[in-house]
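You will see chain A twice below: alongside chain B first, and alongside chain C after that.
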Partner chain A sequence: MSTLAAFGKLPTLNSATILLVGTNEIFQQQLAETILQEKQDLKINIHLADSLPLPPERDHIRPRIDLIVFMVNMQSKHSYSNIEASLVHVDASFFLGKVCFLATGAGRLNQISIEVNAVLKLADLYCSPVLFCELECEKIRIATAQRLLRMLRICAGHMSGVSALSFSSLMKSSIGDSSFLA
Partner chain B sequence: MERAPTEDTASGRKTMGHGTNFISTAHLSRGRISLKRGNLFGHTPAKRRILQTPRMQENADARIGFLLRKQLTLYSVTPLYRFSYDRLQEYSRQLCFVIAAEKQKGLAIHVEGDLKLKVKFSSLSVLKTSEKGQAGVLIQVTAENAGPKVVWIGCFCCTCGDDILETVMEDFTCFPLFLVNGAESLSAIIGTWLQQTFDCSFSLLTISPLNLAWMAAMWTGYKIEHHKRAMELTFSVPGTSQPLDISYAIHAEDAKALWDSIHTTQQEVRQEQVNLFMDGLCYHFYRHFKIYLSATRLVKVSTSVACVHSDGKIKILHSAYLMEILALMTELAISQIL
Partner chain C sequence: MDEIVAEYIRRTVLRIPRSEMGRMLTTWGVFSENQLQSINLHQIKDKLSQEVVQLCEENGATIKHAANLDIIYNYTYRDKKVWTVYKMTKEDGDENVVFNWVDFKNRFKASLRLLLKNVTITFKKFEDNSMWIRIAWGTQFKKPNQYKPTYVVYHSQTPYVFISHSIFKNCRVLLFQALLAAANYSDIHEMDLRSRCLDSLKDIVFKRYNQNVETFNPQPLQERNSTLENVDPRIIQEDKNKKETIRKINEEDFGNGSLPKLQYAQYKLETVFKSKPEMGILNDKEPFRCLVTFSSPHLLEALKSLAPAGLATAPLSRLLTCIVPEAKNSFKITEKKSGFSHGLPDQ
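Then we have the complex of A and B:
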């Protein structure tokens, strides 16, 4: 199976799984560690991948993935094209609120190799929110980790009354009109 | 600036006297906003027009020669307050005194012996591209008793920045781009004086990899008969403990052939074309060395026309395309001060 399905498997009891996709291993590792340091009453599984599709041979032991985070390093064109190619392998049902883009390194405008607009456009195309963050800065990293965890809880169905889809539509309205992207 | 009476604001209609003043201000702010909107997140335009600047006269070469083949540092400058072309001599005298005073204070101006420094402000009409455009301003510091030898030059220019000239307020003169060559210590003194005298602010004009890619592509396309040199791109590898640079040189003819096959529009250069050009070069490199240059950061572009570094240093090698280069740098400087 080449595409990653959102509802292909049954959820595991009292746990949630997040998949971080990105070419920068150091950032992935850092973010994963920060997420794990947060106190949680449920079990968090973090899976790291540099690109999709995931290897099919271990598919049977992989839990259901509740949230995919695509990490785009704004200073590397390669990471952007890699994410672009990976998105093809994600089932459409994921884009009903279970995908989020994380743009890193956009703070230093004079060093970016991808236009910020290009990332906003990509996210708009896939109906998913973008978070901006500088992973080098510890405070921002912790805040981002908390934010992702909150999203993960919603996506995994641990927040009563909020579904992933309703949450992502809320996020969309907060982004405001995307008319400037035209 | 005088403010219009409030009733004009309320009616919003064009009236005489003060009212006109108000209307013009409103127009100005609107112009600035529209410029800003187009430049959200400092993104580069989707296409750039190829400038049709009139070729400079032959004798112009001598007048702009001081800009060529020298390492120039680029600064972006906010509009100058109360600058006047009629007072250039006065400025020369004042700045001369300031430098002399600083030297007496014993601040390190690195000059051997006791050099007598003379400052000269002059207007540079060569850099004027259109009727409405304004002449550049050249500041030269010469060491009198050593030649005389020019020890420092600074040059204000606003090449093809006509649209920003329309939006600046009365009493302000806009020179978005300032080029400097010379000793750091002198740059610091003169920079401080200029900022205090004209209530402006200087900042180093750093160039993003996106814009460097534009330069690589556009400058490859320029026709040059002699003094051809290979195009060289320098990439910096991120995430290493020691700085690691990859230098990628391409024969000028090969680069031009590639660019000519991509660049099919005569009047303009498009973002897609620039991307295609860079992707082609990077892919070729990957085929040979299995290194993704797209994962690294472009920091330096050097072509037959000019050589530019991301930290705001430029060396212009050919007078033929000076105006095009200055126009592009002015555009970047404008986007930095907006």
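Then we have the complex of A and C:
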């Protein structure tokens, strides 16, 4: 089983790489384009995949991945189980702040087929924060893109004084939900 | 012209949309050129219908003419009805008789009239080579109810019949008998194929759809490639190969042409619930009954886009892909075909 290692490669100068994992190709594409529209002084690479592990034949050209975003579509059980299966292929060192969950479509409660609790629990299990967003709405999409970019800068080490680990523990306390920890 | 006919014509005219009125009245062919021109199509529909009825009165129109207009209307708006496909079969010994429409009509009428006097039977042939038969049913003591007729569409030399049923269930047997007698077949059975779109049903049973699969059409391929190339170089698709495989599998299952229109697919499960014996629930041999219905304005197109949209894994279950080749959209899954009983994707 090939796992994705967090520190297996050297970082590239003045660039950061984000990996979006999710089954909905259209949402991924939209989010990627929104992220790239934000003005940046560093080079952003976006890799899209519908599940992990990534194909090994491209290993040598892929740069070091700084942040993995798992996109869970709350309206599709298939998307949830796909993410669950993909998480196994991620190296443990990633979960020290370099993973984040993005739950989409949670706003329309009547169409939800996964419980919100299930996603929160999953994120808690993997010590990673969850962001909720409706990607169809452009404003929310832009806000989400900005948030992810900020996280990416921290994870890639472009913010002095903040490390990925300290940031993620900060996020955790802001969510303030420790009931799942027990 | 009696009152029933007049009222029926009036109501049929009221149903026709204004834009189609001129064309339909011309196709109907009851009025002369001068009469057609004298009708004012731009007045209130209620007045228009009365004018049409008055002209019919002058021309001495009968229930036959009225039924004809109804057929023309329903032929144009055939997607408003639900059509069921039936297949007729011959016994081995039966001879092939040369088909002709006059015999067909006579035999059909004779067979129905033998048992039921009060029926209105109307035939009309259209350019697409289909014969439309409209039957308004009555009982021994009641005149035929013109408002709830059965429509039958038949193409000569084919074993398939498309029927849009009226509410009278007991007339079905009579209709089948008449059809078998008229078309020289010995048995008829339902094909479990139903849709609103009559033309799609024809495409499926006459296998016109298969031609789309065989003819290679490079157009959509080029479009697909060009959209991929338009992508920003900073966005890297990690699973291009996988997507390509999904597309290929999809093409094998559904073809790359346009798909016939169906509104639903139904699966009746009658399988035994399987669980580990130590759990001790539902472990008897009683089948676990359940009905799964997939519905959509264009079901096959929806199924086709399930895998590319990431809502299901490719390949899809054979139960979902065999709708067109099997010409069926309601299935019964029993224990014997246990290989068939699982693998329905989440929706």
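Observations, loosely collected:
The working rule: the second predicted complex is superposed on the first by the 178 of 182 C-alpha atoms of A that agree within 3 Å, B and C clash if a C-alpha of one lies under 4 Å from a C-alpha of the other, contacts with A are read in each partner's own complex, and residues count from 1 in each chain.
Keep in mind that, in the parts below, a contact is a pair of C-beta atoms (placed from the backbone, for glycine too) under 8 Å apart; a residue touches a chain by one contact, two chains touch by 3 or more.
Keep in mind it's a predicted model, so treat the numbers as computed, not measured.
Of the two partners, chain B and chain C, it is C that touches more residues of chain A. In the superposed model, A:112 makes contact with chain B only, not with chain C.
Shared-chain residue A:139: touches no atom of chain B or chain C.
When the two structures are aligned on the shared chain, A:39 is found in touch with neither chain B nor chain C.
In the superposed model, A:58 lies in contact with chain C only, and not with chain B. Of the two partner chains, chain C is the only one that A:48 touches; chain B does not reach it. Of the two partner chains, chain C is the only one that A:22 touches; chain B does not reach it. Contact with both chain B and chain C is seen for A:76 once the two complexes are overlaid on the shared chain. Counting contacts as defined above, chain A residues 23-24, 26, 76-79, 113 meet chain B in one complex and chain C in the other.
Residue ranges on chain A touching chain B, taken from their complex, read 23-24, 26, 75-79, 81, 109-117, 180. By the touch criterion given at the top, residues 19, 22-26, 29, 32-33, 36, 43-51, 54-55, 58, 62, 73, 76-79, 113 of chain A touch chain C in their complex. Considering their complex, residues 37, 40-44, 206-210, 238-239, 292, 294-298, 310 of chain B touch chain A. Residue ranges of chain C in contact with chain A, taken from their complex: 231-232, 234-239, 241-243, 308-313, 345-346.
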